[in-house]
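One structure, as structure tokens, below. Some questions next.
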Amino acid sequence: MSNGTSGQTLYVINPNSSTKVTEGIDAAMAPLRQNTSLPIVCRTLAEGPPGIESQRDADGVIAPLLAHCLALENSAAGFVVACFGDPGLHALRDATRKPVLGIAESAVLTAMSLGQRFGVISILSPSVPRHMRYFGAMGVMNRLAGDLPLGLGVAELSDETRTLTRMVEVGHTLRYGHGADVLIMGCAGMARYRDTLEKETGLPVVEPSQAAAAMALGQIALGWAHRSGQDEEAR
Amino acid sequence: MSNGTSGQTLYVINPNSSTKVTEGIDAAMAPLRQNTSLPIVCRTLAEGPPGIESQRDADGVIAPLLAHCLALENSAAGFVVACFGDPGLHALRDATRKPVLGIAESAVLTAMSLGQRFGVISILSPSVPRHMRYFGAMGVMNRLAGDLPLGLGVAELSDETRTLTRMVEVGHTLRYGHGADVLIMGCAGMARYRDTLEKETGLPVVEPSQAAAAMALGQIALGWAHRSGQDEEAR
Amino acid sequence: MSNGTSGQTLYVINPNSSTKVTEGIDAAMAPLRQNTSLPIVCRTLAEGPPGIESQRDADGVIAPLLAHCLALENSAAGFVVACFGDPGLHALRDATRKPVLGIAESAVLTAMSLGQRFGVISILSPSVPRHMRYFGAMGVMNRLAGDLPLGLGVAELSDETRTLTRMVEVGHTLRYGHGADVLIMGCAGMARYRDTLEKETGLPVVEPSQAAAAMALGQIALGWAHRSGQDEEAR
Amino acid sequence: MSNGTSGQTLYVINPNSSTKVTEGIDAAMAPLRQNTSLPIVCRTLAEGPPGIESQRDADGVIAPLLAHCLALENSAAGFVVACFGDPGLHALRDATRKPVLGIAESAVLTAMSLGQRFGVISILSPSVPRHMRYFGAMGVMNRLAGDLPLGLGVAELSDETRTLTRMVEVGHTLRYGHGADVLIMGCAGMARYRDTLEKETGLPVVEPSQAAAAMALGQIALGWAHRSGQDEEAR
Amino acid sequence: MSNGTSGQTLYVINPNSSTKVTEGIDAAMAPLRQNTSLPIVCRTLAEGPPGIESQRDADGVIAPLLAHCLALENSAAGFVVACFGDPGLHALRDATRKPVLGIAESAVLTAMSLGQRFGVISILSPSVPRHMRYFGAMGVMNRLAGDLPLGLGVAELSDETRTLTRMVEVGHTLRYGHGADVLIMGCAGMARYRDTLEKETGLPVVEPSQAAAAMALGQIALGWAHRSGQDEEAR
Amino acid sequence: MSNGTSGQTLYVINPNSSTKVTEGIDAAMAPLRQNTSLPIVCRTLAEGPPGIESQRDADGVIAPLLAHCLALENSAAGFVVACFGDPGLHALRDATRKPVLGIAESAVLTAMSLGQRFGVISILSPSVPRHMRYFGAMGVMNRLAGDLPLGLGVAELSDETRTLTRMVEVGHTLRYGHGADVLIMGCAGMARYRDTLEKETGLPVVEPSQAAAAMALGQIALGWAHRSGQDEEAR
């Protein structure tokens, strides 16, 4: 089950085409870079849409995401798919023996060690049923306190004060109305809000790309790999 | 929430490129055609792979499947995605207000009215974790008796006697070893085995493309439609 | 497993004695009648109480309901039990090989293909624990957003404007307070409110007798039948 | 919420007409009678069938069972419904403020304090899906190890050695094959096998009529009562 | 599996050092003492803290609690651990063949026979995640309506009017906001509030030390015992 | 929510007194030490029993474990509790703001990113119900394939060939009989068997102390901390 890692880089792929989001993810990696000699490289999927807002958007990035990752496979120690919803996660696990982590899965698993019931702060309400399907697939519905959208449009999201104020409001509702004792940011690229959100809500806040990169570093170090389709056929 | 149906045809799309599978699906529609005046047209997705065996295969057909369906939208009364695993189901629901049914979802929902615990007869073992994720997303794990693969290669599958013998064996294991009281065929295009499998196992057998087409006919008649992304934005 | 259907009629039985409810159910069948040549006949159980409001009421109709249905068995293609709560559903499945559908079960299964979390609009609060037991028996609690009563007395229910206003209120609470993305009307005979309720809440609304009749038509066409006690003994 | 108990007798009702079963239940009460001054009276429902083997049988006894119990209400301190499956349990709770316990519910709740996963020894295989629905309604599927039938016909059941041998076999399968650490006898009237079954399997064995009578004595002493329909209407 | 009971006393151990709490528990035993000849003796664990408010407090009492109980084993018919959270419950079950009941476990099991969804009134909010873990371990999350803290400090708790007013408030929220149809007092020693709380909320209220003592009396009478470590090794 | 980490060492505490187990844990840290500059120090709890085999053993180590850890708090960056079952995990989280990971929790969370259904290889059968309670508390029962004991006594465990042979046997049963696609070693100190077990079973194998140390390193780097009792009181 060795993943035969020879590559030297952890690739964190932002599957939307917004370089600003990629920059936010890259900044979130800073604390991890202090503790590892492995390079962490954040990349933008040029073929992705500006934002992933629907299941259709999510499914649409899978093919270019796989192509992008497989072209990097030789130099890769592992991959993080950095869109909350983890498009292509299992397809990429089918296609490579390198560790592949998704930011939604990793955020939930990390939150499960930081509190008993996690609350998710989503951007838009249509994401919520998609998340429910995903948490159901993960078998963790009993740990979910709630998943609430910010409900902010693009213009409002560009106003950082407005966004942060709304995140704190939703965080309070998740804590006091739904019993959350740990929060998950339901999107990538917003690590800059984490500290304030933790202080204002009094709860630990999981930034999902950090959660996934940390799990990836561990799995790379320990040589773990998902059982791939090839392993199956080889038997 | 009207789906504004003006189209007159139920399209059943086989997302793999095997016309033999499409023919099997088409034959399975015969009993439904006797009871409805709505044309049921089965189509092959030329861009699909010969068979869908991995999550990667499944995700890969979503983009061409959506294009294929949206090109038919004007004449469509509704759509069935005829691959067990339902690739693109939610993406297509995001993209059209017409009823869209998947054969795995419909087979499970139908089986839940025919028995208390359903057993699934899959083709290959790597499908099983994919199915588990899907049944988890559906929230129906407590109704699952088991999901067991036939474990037959392509050559063996072309031997109908061999295939049927193995299906009956797996059906017996699901009934007597796992407590199944209804069976689901975990693939499209094998309706011809249904009668014998029912007789030999003593259990009702859900052929999934039949289940989905029947549900689609009902939803078309009743004007139901999934809430689409557009509805959300319109509010 | 053939159900040996020779009968030609789908019987929809209202197990309470209110002919006004039966008329409401009959009107709800109109769209289905356009798509099938099979007669759909709605009948009132004369022995039933005016309304079924408690578990005791529900259990009390089972014996006359079975007698009523079995007297019709020769001419029946299948049966729908048209009381939300499905009294006698499994007893009738034990007693006949014809397809038997219940409106609560069918409404939930249908809603599971139209949204991720269903909300139920019940008439009276004592029904709610009864529904919880039933959804638990179905294994679908993870898909339930909430079940809220209208809390209207008989006099208020006869005021259609008042009733509809209250249904819309409860629908909004289920959507915005509980995260429902599909609604179920938790009683028979109110299909006339469906369109307005869908428009006002922006969600698909499942009228349960329609859901059950549609599923019954599919199962009749496809020759499915629940495994009956006789099958078991025969082995 | 006082149940206003003035009655002085705990009635244990066997809803089938077999007096031999009632005698078995009565014998099982001996250890409880040593610790309470409250009379425990076991009664046979003359209107019941000789045995309750199907959902139809179970539902059919509800009406006479209710009539039987309500006729005893003045002298009753509480009721036990002594058929595994608990027919009429909730209907009787709707109809009286006296404590009402069912033997299946009580056996499961008791077993949950004696082990982590309970195994059920059923008489006939058609009972199993009925039990699954009931355990699902109770929300305890994660505590179920398995439910396996003896599969003995009437003639074989009258052979006590044969029956006990088979019970021990099934008990071993539940322990070593399914991970049960506590067993439930899935029928009334067989308390005489309990000691041997415990010794042979090394597991605690819950005889369900004992479990229900013990819980009833506690609830009578403590003045607990299920919220009844009347309470609801009174508010 | 005989527990070989020769002891004659049911010991109810309050694992905190507050004799006032022990007195409250002792008073709660009165109705049970009227129905049994078995002495019920309530004891204070001198080594315990004044109150158990954290997981650390709970874990800290286990060692002295075990020592305390094992010193009493010869004269014991059984034990109740009278702290909501059941510290040491399974350790004590490992160490003795006498019946051992915990008040949280017993309260939940009892509530499951008195309503469909239980609401828990806790003292302080940090207890809530601890309770969630425990209800999860019991596999009963689908029966939980909610668990809400009083949020009263020590000074306020000594004000009985203030405490009762707040308990009723929380009870109403659990009933009307969360759908609870039975309430559990999430602490020992407060049986004096039970009657008023039942009257004001219209729901049955389970006082947990009563629930556990009643279950213990039943298990003692019936000779049930948890499978102990010794049994395992003996095989 | 900053954990105010000033300490520089990750402490991995073996709560049993067997230095051989501690040595096995220490050896398992090698791959992680290559990727971090943070010292990882493994320590033996002198006050612990030679092995932790029962709930009583597990609970008994909590008090000395807490004392041991709190004495190290100033120099600690975080803690790992290295006994499968995680004794004292939540108590220690109550007592310190430093990250605290348990090896059972971390192994399960890690396995959930490596496969869909995890199988656990336990040492002795009495551990299994304890694990079931823990997996239930974690809310992950739907991801569990099975938990099977080696059933080897102390003498047999010291025979490494015998132990490994038996681990492979159990691993095969978990894969082919229970559908596991990832395995967890249900004890600490056996990392030396991991490679062979992976090769022989064809599945990824999670060594739990590695899983916990990797998660701890991530949480230390990212400054995450469980909400502690102090935070609660401070508000």
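Chains here go by letter, A, B, C, D, E and F, matching the order in which they are written, and residues are numbered from 1 within each.
The working rule: contacts are C-beta pairs under 8 Å (C-beta built on N, C-alpha and C of every residue); 3 or more make two chains touch, one makes a residue touch a chain.
In this text, all values refer to a predicted model and were calculated from it rather than measured experimentally.
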Review point. If you take the chains that touch chain B and keep only those that also touch chain F, what is left?
Key: A, D
Practice item. Taking all residue numbers used at the chain A/chain B interface, answer same if over half belong to both copies and different if under half do. Key: same
Point to revise | Chain pair with more C-beta contacts, C-D versus A-C | key: C-D
Study note, to complete from the structure: Distance between the CA centroids of chain D and chain E (whole Å) is 25
Review point. Roughly how far is chain A from chain D, going centre to centre by Cα mean, in whole Å?
Key: 50
Review point. What whole-Å value do you get for the distance between chain B and chain D if each is reduced to the mean of its CA atoms?
Key: 42
Study note, to complete from the structure: Note: chain C residues in touch with at least two other chains are 115, 133, 136, 138-139, 141-142, 181, 232
Check your understanding: All pairs of touching chains?
Key -> A-B, A-C, A-E, A-F, B-C, B-D, B-F, C-D, C-E, D-E, D-F, E-F
Point to revise | Partner chain D, residues of chain B touching it in the complex | key: 115-117, 142, 179, 181
Check your understanding: Which residues of chain C touch chain D in their complex?
Key -> 53-56, 58-60, 62-63, 66, 88, 90-95, 125-126, 130, 133-134, 136-139, 141, 229, 232
**Study point:** Residue ranges of chain E in contact with chain A within the complex
**Key:** 128-129, 132-133, 136, 141, 146-147
Check your understanding: Considering the complex alone, what residue numbers of chain A touch chain F?
Key -> 1-2, 31-32, 34-38, 101, 105-106, 109-110, 112-115, 138-143, 181-182, 195, 198-199, 202-207, 210-211, 214-215, 217-227, 231-232, 235
